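To keep things simple, chains are lettered A, B and C as they appear, and every chain counts its residues starting from 1.
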Amino acid sequence: MASPVTGSAAAREGLLRTLARRGARGGTIDPHRAMLKLPDAGRRLAMASTTALIGVAGLLASLPLLGTAWTWIFRQAHAFLGLPGTVVQRSASVLGRIHLTVPTLTFDAIPPDGTALLAATIATLAVFGLSFALRGPLIPLAYFVRALALVQSTAIVYFRFWPEYFPYRLSEYLVGQLQAGLVVMGLIPLVLGFTFYLFDLSLIRKLTLTVMILGHLAIFLPLLAMMHAYLVSLGTLVVLPTLFLMFGLLLHVMVFVAFYGWAMSWPSALWQEPRRS
Amino acid sequence: MSPWHGLAFGSITLGWMLLPLIPAILELLRPSDVAPLRVVPRDAGDVSFLAKGFRLYLGRQMNLLPTTTPADFLGRLPDGTHFARVKAGPDVLRPGEPGSTQDRVVRVDTPIALAGNQTFLQEVHATEDFTGGPQTVYRALLGERRVTLGDRSRVLRWVHAGGALSVGSGSALQGRISSDESVTVGPGVEFDRIGAPAIRTTGSAAPARASATGAWQMPEGARRIGDHHRIDGDLEIGPGVKVTGCLVVTGRLTVRQGAEIDGSVKVHGDVTLERAVAIRGSLVGRRDVVVGPAAEVLGPVIGEGQVVLGDGCSVGQADAQTTVAAGSLKLGRGVTVFGQLIARDGGRTTD
Amino acid sequence: MRTALLVPLFIIVGIVAVYTIRHYIFTLNRLFGTQRQPYVDIGTAQWPPVTIVVPAHNEERVIAGMLDALLGADYPADRLSIVVINDRSTDGTKAILDDYARRFPGRVKPRHRTGGRPGKAAALAETSGEIETEVILVFDADYLPGAGLIKQLVAPFFDPEVGAVMGRVVPLNLSRTLLTRLLDLERSGGYQVDQQARMNLGLVPQYGGTVGGVRRSALEAVGGWHADALAEDTDMTYRLIVAGWQVVYQNRSECYEEVPENWPTRIRQIKRWARGHNQALATFAWPLLKSVRRLPASVVFDGLLLLGVFAVGPLLLVGFGLATALYYVGFPVEYGILPVLGVATYSTLGNFAAFFEVATAARLDGSRNRIRLLPFLMFGFLVSLISVSVATVTQMVQSLRGEEHHWEKTERYRNGNGDGGNGGIP
């Protein structure tokens, strides 16, 4: 094992630099986690911004295709669910600048009558009461269910006293849902730009995550909209506020956070896994 | 409208929504990352920690060697590590051969002086005086007695000496350098961390400074906060003045020649201590700190920027060791620091 | 009508947007900025005498482990004493403390409280007059300090401007339940990113009341511990800042703690924090604003935001209520959706700044796989939002009625599982 160091001076220097970061048993010695940071801030921010803009551009370019795909999903779902009316296309705009064609339904849901309101009230009270059976580790769920019951109760009160003032029609609501979803989709490359693209993962992984999230939402948005339409057709307009306030944007964001949490667990080329107790 | 179709469609929608949650659900049900973080162990501030660990390791391994193992030995330790022991015949290491590389743990049980230009890719343990030649590279070196590193030596991880440690000029010391007795550092040496009861750079020490006696008037606007005075803005302390108490200066601080502060000092801006200034407490600077020639600081010197210790200045005392911690650190000639030097972005002695 | 709803709604959205931007800035700073830990390298020094104060109320499960850890600290034994304030314990705490006092005379000094105002702040206030050392460290009884931690926490006090120091809290029992794992993520975000970024930026790192300490002269200068403070740590942080002292956070000074293992305990804990923080908001908002001539504007601004952090919860609920009202008032969908989106975006996407912070912290910690639990944090946020809001409203009502708050102790687990139930919370 006594041998002269062979190779170029650069290779020797490389070996010595590597050895300087190796522990006694060969493991890599990284700075303590309290001192870790990312190098090359400027380059990373520039790359992240560029990648984000590429993502937004890709999304904009695919808008016509998206409109066609959503119409197809609406038609399939409409037929499968046996909903009244037909699927039609409407022109819509996002932020007044981006225009596309989105599908909607021609049938309009009815406001709740006395029976429907009574049923909704009983169901809401039942759900609220049942939330008290959710104990121990299910307490967060209990809180969510109570929030749900609270929002639903506002709808019941509203339709009990001022049903004629309810300003939304299902057809417009569906267009609005898709529009709001598009805003979320447009934000995703930008948010990822400042929260994910900065990290030391390959460009392929960054783009893969972006495509996965956008692809998922592209299918989820029309599915969710049609599910809302189905529930409104069953439960009258009294369920619409709850669907909008509790099962719209919140679910889109949960999908995003789930993907993000998964992707942030992907291994890093820069930082090694520290030892644990 | 069939309720079954509605149920099926709802299931599809729900399933699709839950798809990205699968990694989260799997991590919840079959946890793969639930061990607590490993908190900072005992070694955090001990410059010689790695050397002590190696001494224990090698001692255990050597105890496991057969008793018949010869004093001069080339082979493996019980854990399989390549190993050489030198007792009577330093020829095992071929010390005279220039450019040789030892990729084994080396134990030297005899006083030895190496010719130089060698590379030790694993640890060296010298139980007697050890003198390295010039341009020698050590991964790590533990000397139980005196250790001398030749000019332009390079240390990759650590060196610890039980006796005095002397470092030749132009050397590069990465990692932890320590001695139980003293470290003397030659000119043009780069370093990260050095710890010893006394650390000196070559050059003559400064003569004893005269005590300051000049009267000091706290500037107008200074506020008393607890046990210190806070001065907003820059502050200049005149030559030969004696200040009693702790100071916090939010601007720059300049202390003129021979002045003395009997307390600790915190400065948000740059600090300049001129020749023969004394601070009988700690000196903390948010930016650069220049300690002038022959100046004395008794407590820790903490500089978040660059710290310069001028020729002949001293930090700490033989019976009151302390720390100099800096972003980067420059040491003049004849500097004495009792305790340890930490240079996070690297330190260097004057050429 | 619409304007009456829109104006307050947009004010709320504006306020929460400021908090969102703050989270982003902190996280980006932690990722790319210079990491300030100037004192942590002081390994050799003339270490000053230090007293470690451990408030304890019914701590028989954990107190011996705590004392063993402190007695094993790498600190000159003749300069370290441990004062355990036995605050009217009814379990075996007293016997354990007396045993340690007998075995380690002069080093372990129990103080048995049998009366007086209950709570940590009162216990500290009552005892601090007896402490003579310049440096006072405080640990809760369930913490397990490592051997090197005491020197690390004392080191910043060589800086004469430092009034208090805070280390990083690391959950030990995270494997127990989903809640402990979520709290582990939250703690990572709060310390590894939030506190360190505030330290880096020279803002207001918070003294957290444990794994930290105060300078006695600073304590005396600001009037000592206030027995009526519901969160004595926040109270102390602000009194020191307003008086011109600095609070230092040291990310590398880590110490194990236990986090609540069941939701009722967590809910009680966060309600207590909210009440204490709100009390501090009422007490210090104006003094802090008045300090703008003496303190950097960034410190005042960050201090105010930190004070208001628990007030954001009820504010968000109000915002959500306004947005719901606007929805019923009937904006056309494409317009009416915007204000709703504003609030919903904060409570979800805007809050994503917090997700970013948490994920970044866990990644810096090298704990990658636990980041996958991120979506479940939404449940944690919901519980916190509601608990904090309930606590705030209750506090306001109690204040109007002139009622006093009761101290609630956080449950311990080390040798058992706690009650594991609901603890009376429906």
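Just so it is clear, a contact is a pair of C-beta atoms (placed from the backbone, for glycine too) under 8 Å apart; a residue touches a chain by one contact, two chains touch by 3 or more.
Just so it is clear, the model here is predicted, and its values are computed rather than measured.
Undergrad: Whose C-alpha centre lies nearest the centre of all protein C-alpha atoms?
TA: Centre-most chain by C-alpha means: C.
Undergrad: What is the chain whose Cα centroid lies farthest from the Cα centroid of chain A?
TA: B
Undergrad: Could you see whether A-B or B-C has the larger number of C-beta contact pairs?
TA: So, comparing the two chain pairs, more contacts are at B-C.
Undergrad: How many angstrom lie between the centres of chain B and chain C, each centre taken as the mean Cα position?
TA: 33
Undergrad: Using mean CA coordinates as chain centres, what's the gap between chain A and chain B in Å?
TA: Comparing mean C-alpha positions, chain B is 48 Å from chain A.
Undergrad: Tell me, which residues of chain A touch at least two other chains?
TA: Only 32-33, 254, 258, 261-262, 265, 274 qualify.
Undergrad: Enumerate the residues of chain B that touch no fewer than two other chains.
TA: Correct list: 21, 23-24, 35-37, 39-40.
Undergrad: Touching two or more other chains, which residues of chain C qualify?
TA: Within chain C, the residues that touch at least two other chains are 40, 178, 252, 254, 365, 368-370, 372-375.
Undergrad: If we count contacts the way the header does, which residues on chain B are in touch with chain C in the complex?
TA: That would be residues 21, 23-24, 26-28, 31-37, 39-47, 195, 223, 225-228, 230, 232, 246-248, 263-266, 281-282, 284, 299-300, 302, 304, 320-323, 325, 339-340, 342, 344 of chain B.
Undergrad: Sort out for me which residues of chain A touch chain C in the complex.
TA: It is residues 32-38, 41, 44, 132, 135-137, 139-144, 147, 151, 154, 158, 165-168, 172-173, 175-176, 179-180, 183-184, 187, 191, 194-195, 198-199, 241, 244-245, 248-250, 253-254, 256-258, 260-262, 264-268, 271-274 of chain A that touch chain C.
Undergrad: Write out the stretch or stretches of chain C touching chain B in their complex.
TA: Chain C reaches chain B through residues 36, 38-46, 74, 146-149, 151-152, 155, 158-161, 163, 170-175, 178, 181, 215, 217-218, 220-221, 243-245, 252-256, 294, 365, 367-370, 372-376.
Undergrad: Residues of chain C touching chain A in their complex?
TA: Residues of chain C touching chain A: 24, 28, 30-33, 35, 37, 40, 168, 177-179, 192, 196, 251-252, 254, 262-264, 267, 324, 327-334, 336-337, 340-341, 344-345, 348-349, 352, 355-356, 359, 362-366, 368-375, 377-380, 382-383, 386, 420-422, 425-426.
Undergrad: Please name which positions on chain A make contact with chain B in the complex.
TA: Answer in residue numbers: 1-5, 16, 19-20, 24, 32-33, 77, 80-83, 212-213, 216, 219-220, 223-224, 226-227, 230, 233-234, 251, 254-255, 258-259, 261-262, 265, 274-277.
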